[in-house]
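Take a look at the structures listed below.
Look for chain A in each of the two complexes below; its partner is chain B in the first and chain C in the second.
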Partner chain A sequence: MSEPNAPPLEGPGIGKDEWVARVEARTQSGLPGEIRRFLLALPPWARIALIAVPAACIPALTNNGYFLQVAIDTSLFVLLALGLNIAVGWAGLLDLGYIAFYGFGAYGYAMLASGHTGLHWQAEVAIPVVVVATALLGFLLGLPSWRLVGDYLAIVTLFFFQIFLTVVNNGQRIQLPFKKLEAGLTRGPNGISDVDPLNFFGWHLNSLREYLWLAVGAFVVVIGALYLVNESRTGRAWRALREDPLAAEVMSMPVNWLKLVAFAAGAGIAGLTGTIFAAEQGSVFPSNFDLALLITLYAMVILGGVGSIYGVVIGAVVINVSLEVLRTPAHASWLFFIGLVLVFPVILKSWRLRGLVVAGVIGFGFAVHGIVGALWSGGVDGSTTGEAWIDRLIDNWVLLPNDPTVIGRWAYVTLIAAVLGLTLLRGLWRAAAIVPVLYLAACVWENVLVLQPSVARYIMLGGMLVALMAARPQGLLGSPRVEIV
Partner chain B sequence: MDFIAVFDNLNWDSFVQLTVNGLTLGSAYALIALGYSLVYGILKLLNFAHGDVFMVGAFIGWGVIGVLGGSANPIVPVWLAISFMIIAAALGCALLGVVIERFAYRPLRNAPRIAPLISALGVSFFLQNSVLLLFSADFKTYNTFDFSGGTLFLSGINWGPLHISLLRIIVIGSAFAMMGLLALLVYRTRLGKAMRATSFDREAAAMMGIDVDRVIVWTFFIGSALAGVAGVLVGLIFSQINHFMGFNYGLKGFTAAVVGGIGNVPGAMLGGLLIGLAESYSFGYISDVWQNLIVFSILVAFMLGRPSGILGRADIKKV
Partner chain C sequence: MATLLELRGVTKAFGGLTVVDELDISVAEREIVSVIGPNGAGKTTIFNLITGVYRPDSGDILLEDRSLVGLSPHRITKRGVARTFQTLRLFLNMTVKENVMAAAYGHTRAGVARSILRTPGQRREEREIHRLAEERLAFFGDRLMGYRWNQPAYSLSYANRRRLEIARATATRPKILLLDEPAAGMNPVETHEITELIGRLRNEGGYTILVIEHDMHVVEGISDRVIALDHGEKIAEGSFEQVATDGRVVEAYLGLRKAETK
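Up next is the complex of A and B:
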């Protein structure tokens, strides 16, 4: 592959094209780069199989309902993230109303097949109807994108999402003009709770295992279609639109049409996911579709790499599984320390520094624990909930006050200030400052965040979005943006 | 819709009452809109976190009441207590705004436009959940009625059957005072001139020797301080605050900024008042659940029909 007289990587700026062509080699170092190159070397069907086959085999390994449920949720998240990636990653349109499509699909199926309306449509009819209807809704929401770009489009779509929630939450007051429903259109906050399971040509899907296979099947179909679209004329046109709408228009691309198709395709995928979700849960509630879900999806798309389908899949899997693990405090401790180990190489470059800092943090922790314990026994009297060896270790290493409420608040605020301050330091100062900050982070984690996992997970997602945008906007597997001025 | 009832409601007193309510709410929206508008004018960035800065302001006000010994019998006179709340919220939020700018937006100054938006979304979510973590999800109350035994509500202007409470006068008055100060700052000082120049053309301003980074920091400082004041005022009017309030108020404030003409200071004030009135009338005359829908329709109508807003100038783009 390499030519004998390849110019040096850091040369003068002449021959910018060469420089651009080599951008991947220069920036994709380390583990993400390795994964990326490995994936790119595989043929596309193998890449899809690499993800789909293990997922489909989960029922063979375990019959545990919880694991199957997590696997289904993860597949649904993967589908949603893939759909969001079309508008956000490929066409570059910030669509904050995406969850409304998901909700519309779920409610659409609940309307067509439940005791609520009395209709009990077969899935082979209901699913296409819902998907097409959702795609049409996406078309409709795409219309403002003809005139609005960037922020304005974001706010209109966000408002659309808000309106969807208002309508669904107050649906008990709305009546269809042609059919009188006893509980109104959506039963409001009580949700629709008697949704039929999916029923293809008389084959009823009743077990989690079948739903998992269905979700994986939908994933294979969707990702295959997306792969083809991405390599097609439309996919290239979307990327051109994302990079420079004006230039794309001058090149006589049908810009407005492309935007509408991007919205509609994403919406259709969200609608499909919504039907599977509604049927699998057997009910739909307005609270299933909240802002937190939107942020989670964005975090998945951004972490994996905007615009890269495989990156998005990996992002969705990583984030959803981590969030699941976070639910139990005993597992959350593990996740925290694993996360630290993963983040570490990013902050510090040399192995010697890493070793020094790890030793420093451990020593610092025991020292602080000893000093505080001698001065004020109330500061170390608490204990973690778990009984594994890691918990006993933490009991003796981290400060665990009896009543962490007030101290925890101050510690949390201090930690945020400390982390922000850390980003300003460079070199050895940073390495030195990392030691107390890491220990403080561990204290805050064990005292505050572990106790409220549902809040902690969203705090981390929000923080992750900001940190990723500043440090690595292309995510794990996305291609870095090259700008030639 | 029951039209008879609608016409029944159309009497003069309730109209004036709704107008006063609308102006009260609208002055809070106007303060929020100013923050959006200033930042948008200079950075062309929609600061999603602005609504949450507003929410933090409301919480700071609540904290100050607590420190001063609760609203039933504060350790200082009532007017001083309210001033303390407003000043503390303004300073706290200003600091927060500057920190957000420094750490979330400045690294993305030259990134593609979608990047700072996502970062803003992250900041917004982060703030919301941090407040949830620190103060739990239940509603916090200002107990406004307890201030000097309910005088804030009971006294005021009585005009026939109409009653405009002292509290509303305080809220509208302080909002207008802030807007007046801001207008002076933007149109009469060196910093204001630098802000207008930066908003007109950032690169040209930088070439003329304006320290653009400093101007941006000040813009965030001022805009966030106004949001903090709005937070306390809203807390005083409605007495109840929670961690999620910033989302809704932020959306309305942004709508107000767009309606008035984004990047335009008098426009943001006008837009805020208009949105407040529209919401109040739709609450009084139409229904109490669909205000969001009505505000949304106004937003979409303006964005499609006149994106430059009422007072803004059309942005002519040369290619």
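Up next is the complex of A and C:
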């Protein structure tokens, strides 16, 4: 075998290979690089405390049920993301059936502690049983990974997820052989709605605050355990398996066993999360475990940085909080314009260009608004919903027709075409074309999307992901991976 | 010298193509044996058969008189067979040191639970793994030392990657090392270095070495014995001089007419 491009022999002590220095410069640049450096300088317990302590303090700051609910949901997402990261990030196994473990944990607890089955197990017994059962299920689902990798494994696990959904959706027609249940195994789409709150040795968890503390406590235990595993021979073996399964096997690592352990560990964490979820919500429904949840979860893991435990935590927090903020049009507006400002450094490389474009967009907006206002007053008569000064400013900047329905649709289609066209341009042409496109985006946002938050939030989420993936393909805190050199 | 590794009548066919045919090889302890042969002679297949990547259709492979056939690769490595790959297969996105540490998996014990609890035994084992990795990397002089430990393996130059593969293989604590073209893609200086290194691996490391190599300078420099293969059959065996002048070997490499005119 000959290798024409073999790099020349490097002497010892010359210093860093230029290539490495370049890669490092790329990872260390910008705000994410700063965050990364700051986090790397901290000891692990401090990093965990940095996330857990503020979360645990939320009840001290507010009694608002909505905030506490969002905090609990975010904590549950963080736990799920950490579990998913084991199989996907560390062992490199594309597992699309993960939500089934979450659902299995939730339904498992609902079976063991609810009026539905008549069993009312204590949490200190029910949680270990559910976690172990889910982990065993993870073992089973891990078996196909002996033969299948990549896309094939993804399809099989996705199929498993669908089986789970089908079973719980039609569970009213399934009966256990040894125990007759009034409404079948799962009550089907009606769900199980009388799940007991968690009950540790007679201590009932009833308030949102207690569930938040429980979730944060679970987070500290899980992330601590994962950190320790990652720094052990098992963690190294998982990463080796992700890099090259054959080499790992030949280097004395039992690859098949390690895959099962990765699946089981992730499933166990999902099972635990499901238990907390079911008890906190007091009910479980098949619709709690849908494909959108899986996609959101993957978005969290990818945005945060596949393989980095701190990264996936931040990814989960950023995405879940963003999705909540985007529910309300007034908040969404703010997030949109902050998002626009954050997108700049991605598209344009020099500060002068960035400044020019910002000034250009603002000026362009007022100019267009002025011209349209002079020609056709119906084109600018509308107003935004908010009352803050920024809303009044936007009223005078963005075109807000009386009746935005038809114009809005056309503008939306034009915007998509314009963004696609933008990707074909380079250099100054691109910078020049950005100005009207951004203004058009602002118009579409204010006229169409703000009015439909349920759609807009996922579009925003997609936009955030696209922008971030263009700038940092490895995610916020992930390390860049090299596939073939 | 006692026989360490023995192949008895090993045959492997892919479909209708017999790649290794009734092959007998034996390697004695602390011996360096080179396998040569033209491309497609079945050299790498032999390595894949020994390490359990493929299973022989017939015949037996023995390490210290115990059969390896049917064992999974990681068990064979635990028994004491380690290899490098012709097409480098490092864990590219792990650090240099981690690459070597990962290979200590087979002779360490601590499971997930003990790692989470950080038991004294687990800590001791972890220190031992670190020490082992540093020692194995130090074997290559300053080539793989210092700041390189904490760099990802993809940052290494081609020659250093080959060295790291050898370091990783030795971290499994093998009795026999199978080196698949250790000098491929190296310049003359590096080739000379690798020749010395293979000698040191035997003399200082105490490993028995079976090596596939195309570079005849390396083969001449290191081999106690040379085995020449063609079409999966052994066509010559002996010292380098004996094999290099063997008519069938010359024929296999250069073709029949040239052999006749010689």
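The definition used in the following text is that the second predicted complex is superposed on the first by the 444 of 485 C-alpha atoms of A that agree within 3 Å, B and C clash if a C-alpha of one lies under 4 Å from a C-alpha of the other, contacts with A are read in each partner's own complex, and residues count from 1 in each chain.
Convention: contacts are C-beta pairs under 8 Å (C-beta built on N, C-alpha and C of every residue); 3 or more make two chains touch, one makes a residue touch a chain.
Note that the coordinates shown come from a computational prediction; the quantities given were computed from them, not determined experimentally.
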Partner chain(s) touched by A:Arg173 [first = chain B, second = chain C, both, neither]: first
Which superposed partner A:Pro286 touches (first chain B, second chain C, both, neither): neither
Which of chain B and chain C A:Ala265 touches, first, second, both or neither: second
Which superposed partner A:Ser232 touches (first chain B, second chain C, both, neither): second
Touching partner for A:Ile302 - first (chain B), second (chain C), both, neither: first
Contacts of A:Val255 with chain B and chain C, given as first, second, both or neither: second
First, second, both or neither for A:Leu246, with chain B first and chain C second: both
Interface residues of chain A shared between complexes with chain B and chain C: 246, 481
Complex interface listing, chain B residues touching chain A: 40, 44-46, 99, 103-104, 107-108, 111-119, 121-130, 132-134, 247-248, 251, 254-255, 258, 289-290, 292-293, 296, 299-300, 303-304, 307, 319
Residues of chain A that touch chain B when the two form their complex: 88, 92, 94, 96, 144, 147-148, 150-152, 154-156, 158-160, 162-163, 166, 170, 173, 246, 291-292, 295, 298-299, 302, 409, 412-413, 416, 420, 423, 448-449, 452, 455-456, 458-459, 461-466, 469-470, 473, 481
Residues on chain A engaged by chain C in the complex (per definition of touch): 1-3, 6-10, 12-13, 16-17, 19-20, 23, 225, 228-229, 231-237, 239-240, 243-244, 246-255, 261, 265, 479, 481-483, 485
Chain C residues within the chain A interface of the complex: 51, 53, 72-74, 77-78, 82-83, 85-87, 89-94, 98-99, 101-108, 110-112, 115-116, 118, 122, 125-126, 129, 141-143, 145-147, 151-152, 154-155, 157-160, 168-169, 172, 181, 184-187, 189-190
